[in-house]
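Multiple structures are listed underneath, in structure tokens.
Shared between the two complexes below is subunit A, which has subunit B as its partner in the first and subunit C in the second.
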Partner chain A sequence: MKKLLALLLSAMMVVSCFAGCGEKPKETEAPESKKEESKQEGESKAEGESKAVESGAPAADGETIKIAYIGPLTGNYETYGRHQRQAIELAVEKVNAEGGINGAMVEVEWNDDKSDPNETTNMAYKVCDEEDVLTVFGPFTTTSALATVDIFKDAQIPVCSGSVSNADWSGLGDGRFFRGDATTQQMCTYFADFIIDEMGLTKVAMYYEQSDWGQGMYDEFEKAFTAKGGEVVYQDIFQIDQKDFNASLSKFKEKEDEYELFFLVAHLNEASLAVNQMRKLGIDKTILSNNSLQDQVYLDNVGENGEGQILLTYFGNEGNSDVFEQWKSDYEGRYNENIDSHAFNTTDLINVMFEAMKVSGNDREAFVKAMHEIQDHDGLNAKITMEENGDMTKPLSPFVIKDGQFTAWTKE
Partner chain B sequence: MLKKIINGWAKHQVAVTLVFLAFLILYPVLFHSYYLRNVAIQCLIYSLLSLALNLIMGYTGIVVLGMAAFYGIGAYALALLTTKLGISFLPAVALAVVITFCFGVLLALPTLRIQGNYLAIVTLGFCEIIRIVELNWVSLTNGPFGIKQIPAPDIFGIKSIFGLKLSKPEGKYYVVLILLVITVVILHNVLNSRSGRAWKSIKGDPIAARAMGINVFRYKVFAFAICAAIAGLAGAYYAAYTGYVDSTTFNYNQSILILSMTIMGGLGSIPGSIIGAIFFVILPEVLRWLGTFCGEWIVEWRQIIYGLILVIMIMFKSDGILGGFDLRQIHLYNKLVKEKEAEEKQNG
Partner chain C sequence: MHFQQLINGLAVGSIYALVAVGYSMVYGVLKLINFANNAFMVAAAFLLILFYSTWHLPYGLAIILALVLCAAGAVFMERASLNPIRKKNAPGISALICTVGYSTVITNLLLYAFGSQTIMVPFVLHLPTFELWGAVIDPFTLIILGTAFVLMVFLTWLTYGTKTGEAMRAISQNTQAAKLMGVDVNKIITLTFFIGTACAALSGIMIGIYYSAVDTTMSFTIGIKTFAAAILGGIGVLHGSLVGGLVIGLLETFVAGYISAGYKDAIAFIILILVLVIRPSGLFGKPVQSKV
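On to the complex of A and B.
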């Protein structure tokens, strides 16, 4: 038995050796010098060679436009990765069915990185090896995105992420990084304006997740809100994956008289638990939160405790545009799964990318330029404009949870 | 068959090492893909970490479940030294190693009085403490934002040698290769010195070792600190290599991954540690690559296949790929057997 296993193991090692060798012709057909040489030369060299080229035509002839997706298709963030993938597949099928981008078919290469920064760098280099990739879609998390900044920057490849939350990220890519979600700064300005102008409140308590996103939201909100004359009277943090919030929530209960609004910055699981626990503790202040809670799962989890909670987000159960309703029914019909903010942002971003591709074709630099020039693009639920630093301006609207539904918020 | 390979290896140890080293040196010349070079860099980083753990687990028998803590301290040390104080790569690496060495001593002094499994739990706790400090000490570590734009490796400001850019994967590869070779040489020498023999005797029987006049506690602390320093070296390199560190990278999973590499490679074996690291870094990528032939299901299932291979390995070869083999001993034994045979022939 031992001998057999030893044999098996050595066979495995041999296979892994071959893996190294075998991969070479596929991805490294053109030698290193190719990178340094001009892109056109690289293209002519690659002609008729590798498998990678077979599946996607060389950049210049315009038959295929290749997007390299890098994101968590397995692992802890698999749900989000899956939603992104489904949204991309739906959009790509639609555009290809309509004849593609100026006749060129869009093709997506799926690279799973589990949102593990080590694997993300592997995938980033893998994509850099491929000359026929026009742009990257991803990475998913801030850690993965920041770990690959230099790689993409050196390769001068455009990167479009639908989810990176770190405010500085888009500014690090020499103008080649684009983001398909509002930045924390934009969001917090909306929040501050909404609380003061629409709700007429000035005293807020804030409870946020301890992550780059949560911390960023707090910093930006505090800045914007104070500048507008508001005050964050009390704030506390919780950890990702925390289950018991009672200790810190009881502090919020003690100070309940000092604030008028409870601002919760959290993701689904933590928010569901925190909201249920705070209602149990008897904190009955209105809760305001961000778009990451926009999911049927959240409504199911909080039930009655969620009633009256206000979300500033991109869409609700009613009051949406026709384009949005069409997309929603397509998506939900096809995948038998509710839409969420990741699917929504992904769809908006990929459509913006298609619009830029119509101008740029398969030229990376032209694509970057076209992306920067996007203005008043008809997004799913609002007009989208690309800002100078590569972030998107996407207006948020207030929705309130009423009878277990996200309904449009109106001033009473 | 395995025995034959091992015997052959034991006989031609120097030659095998040289061939392997030559392969490592030529690797970037043989493989032009950025991706393959990057995978190789990760193999070498994890080799360092696996070696560090092997030193303490394989040679002194202390189980450490908190390697990620030292890895993280090294990374944060380099990140802070280069970004906040503007120190260049090499001195920053040296300082990071010294800092993690000190942390190793600091942790070892109070904890090494605890025995066995309890010590493992303490190191696990230490790992968690360090992660939480990295996350919460916002004024120093930038908290959840992490530290970004850490400069790539250079040599006192020189960013390329012989046309080799140190910020590119091939340059980074040679930097980590040199660090690994230096570490292996030092480890090899230390292990064959008085300290190394003392460690082995402590692993065998601490009481007997003490009776032989070995200061068990002092040697354990020394082993612990060296282990921490090597992990710190790996961390320092990692920070310069990715250009970004945050607390989520140095979590419990990393510790377990390093532990798996060390055990899988074989406790008490330097080549074993390297093979273990290579095995664990390459395996997911091989499965990914197989996906291009066998269909995408392999990519989706690769985590399960990965786990399955581990379970099978633990069941059938629980002491690791090179566990239980001491190449020097095998070589000596074979030589003695041969000499005896020759003697018998002569006599008879």
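On to the complex of A and C.
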């Protein structure tokens, strides 16, 4: 009896491990959301029959253009995956409502990789077997993207990622890889130009995250900044998930006379703590940061300690284009959630992809060619041009935190 | 500069010490490492946010409610899970894994309810920082130091100067004999969990106020160091936890301040290993002689 019970219990545990796998990606609240096909690991194929063609105006010849999304629809990065998905849904609905791409409806196939490189690899093989897919949208993280380079390259399928920041990635795909986010190199060039040309400062102290990304930012920035005649007079690192920054910040405090600007390269959680602690220690230098802090949560966390902090980013609370404001109100109205940089980059990229599709139709090689020829595309907040290696030039603009808002920065 | 780093180190150290006391109390009585301790520590800060910022309860009441709820949670864990495990004479590791389970459940509940982002912890008193001998001092640092010290004195008195403490030590030595002598074992163990967790919860709230923010990863990052602090001082010895916490806090601050922040954890733990090799039962722990 006891053995039976033990067996039963262990069976229950094993089964519960699988319980998560069959979950469908969370449906968004919007009523129109049945437009996309939610195909996941072969489980929910039955429900997947409602295709884009059914809603929107049907195309004359019933042709569809298929995009295969690969990204974290569940798991730790679920929030980011959701933002990307919402942005894609919104853009696809819009283009289909306007009659599609030369009459063809755009359809998205959702593949959840949980941003686990193993899963990404599986999804990549699956997608490469589907001949009707024009292009891949994804993967989300650099790790996932690097793990799938060869698979996509061998299949000669175009890949467009809205979030990979590793500078080398786009060069690895025989010209078929495109990205919608700035690389660390592009970012750092903007930072160096901005500090010297716009702010007129040359001495910077840098405090950055101990990670591939943080180290990359430091290396690239130091190179770009020194080349322009600036100097990183002092730098230190902090660890991911660090809570106490006082020891390092005390050193920044001691050397406060030597630098003019405090350059903080951090993500939300660490930045919130570090900025509050540095202000408490009495370091009152202007802080400059990257766009990962662009979040209402950050403003709430730092409160008045954040006042005057400058961010180089794609958009702010004010000073944006009309196209941007329209998109923002559409997005926030529909999803009841603030826009963020992932939704922003995704929207820019998918619109560029639509433009290329108008030229190429369902031909992969023509699509690649058309993507490379994108020039002065009207992005949400700036003109977008595709560079030779498949990276976008998308200028960052300075925004400053003023009265708890990201407002356009102007030189005093 | 040196004085500033000393203050920084003492502040972090006394925070570690307070959480370490939670480990030490339970270990002292039950020889059990309660890994749910850190989860309750973080939960307290989140509960404070919920009670004060969302439900708008008075600040003092919100703190007390958070402390009591966390301590009650630990009592529930003891009554519902640990006590039955003990009754069945299960190996000690079962109870330990059970506390790991509770820790995971609590942390995941917090993640579900509050998300993984850093959340601001409110504080009603506005204490301006002041300068002393070239160091900028946050008055709250002194409150943390004071609390750690006062609590330590109180707990030492409780353990060594009261009948309850005597019962605790009796259970620690021999549960069966204590029971035969008329000690209400269950009541004392429940009380131990209540006090130990309340200490951890209080330190969670103070960490939240000191850094003005809390997030769920604190459970792990601070938890592992406080556990190390308890071991370093000699787990089960209350003043050992205080010293262990201060030593680890000072060590990592000085390493970050004078060598590099990248090495601070590594060096702090290398020293911990060295101390344990030389004194396996910790700085203040008494070597255990087991008779065959």
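We adopt the following convention: the second predicted complex is superposed on the first by the 350 of 412 C-alpha atoms of A that agree within 3 Å, B and C clash if a C-alpha of one lies under 4 Å from a C-alpha of the other, contacts with A are read in each partner's own complex, and residues count from 1 in each chain.
Note that contacts are C-beta pairs under 8 Å (C-beta built on N, C-alpha and C of every residue); 3 or more make two chains touch, one makes a residue touch a chain.
Since we're looking at a predicted model, the values are computed, not measured.
Asker: Where does A:Ser250 make contact in the superposed view: on subunit B (first), on subunit C (second), on both, or on neither?
Answerer: Second partner only.
Asker: Is A:Thr121 touching the first partner subunit B, the second partner subunit C, both, or neither of them?
Answerer: First partner only, subunit B.
Asker: Given the touch rule stated above, what does A:Ser272 touch, subunit B (first), subunit C (second), both, or neither?
Answerer: Only subunit C is touched by A:Ser272; subunit B is not.
Asker: Give one of first, second, both or neither to describe whether A:Val297 is in contact with subunit B, with subunit C, with both, or with none.
Answerer: second
Asker: Looking at A:Asp168 after the superposition, I want to know if it touches subunit B, subunit C, both of them or none. Which is it: first, second, both, neither?
Answerer: First partner only, subunit B.
Asker: Return first, second, both or neither, reflecting whether A:Lys411 touches subunit B, subunit C, both chains, or no partner chain.
Answerer: In the superposed model, A:Lys411 contacts neither subunit B nor subunit C.
Asker: Have a look at where A:Gln210 lands relative to subunit B and subunit C in the superposition and call it first, second, both or neither.
Answerer: After superposing on A, A:Gln210 lies in contact with both subunit B and subunit C.
Asker: Kindly classify A:Thr74 by the partners it touches after superposition: subunit B alone (first), subunit C alone (second), both, or neither?
Answerer: In the superposition, A:Thr74 contacts subunit B only.
Asker: When the two structures are laid over each other on chain A, which of subunit B and subunit C touches more residues of subunit A?
Answerer: B
Asker: Which subunit A residues are contacted by subunit C in one complex and by subunit B in the other?
Answerer: In subunit A, residues 210 are touched by subunit B and also by subunit C.
Asker: So in the complex, the part of subunit A that touches subunit C is made up of which residues?
Answerer: 76, 210, 236-239, 241-244, 246-248, 250-251, 253-254, 268-269, 272-273, 276-277, 280-282, 297, 300-301, 303
Asker: Provide the residue numbers of subunit A that touch subunit B in the complex, in ascending order.
Answerer: 1-3, 5-7, 9-10, 12-13, 15-16, 19-20, 22-24, 26-28, 31-32, 51, 73-75, 110, 112, 117-119, 121-122, 125-126, 128-129, 143, 146-147, 149-150, 154, 166, 168, 172, 210-216
Asker: How about subunit C: which of its residues touch subunit A in the complex?
Answerer: Going through subunit C, the ones touching subunit A are 1, 4-5, 8-9, 11-12, 116-120, 129, 136, 138, 207, 211-213, 215, 217-218, 220-222, 252-254, 256-257, 260-262, 264-265.
Asker: Of all residues in subunit B, which touch subunit A in the complex?
Answerer: Touching subunit A: residues 1-2, 5, 31-39, 42, 135-136, 138, 143-146, 148-149, 152, 167-169, 242-244, 246, 248-249, 279, 282-286, 288-290, 292, 296, 299-300, 302-303, 309, 312-313, 316-317, 321 of subunit B.
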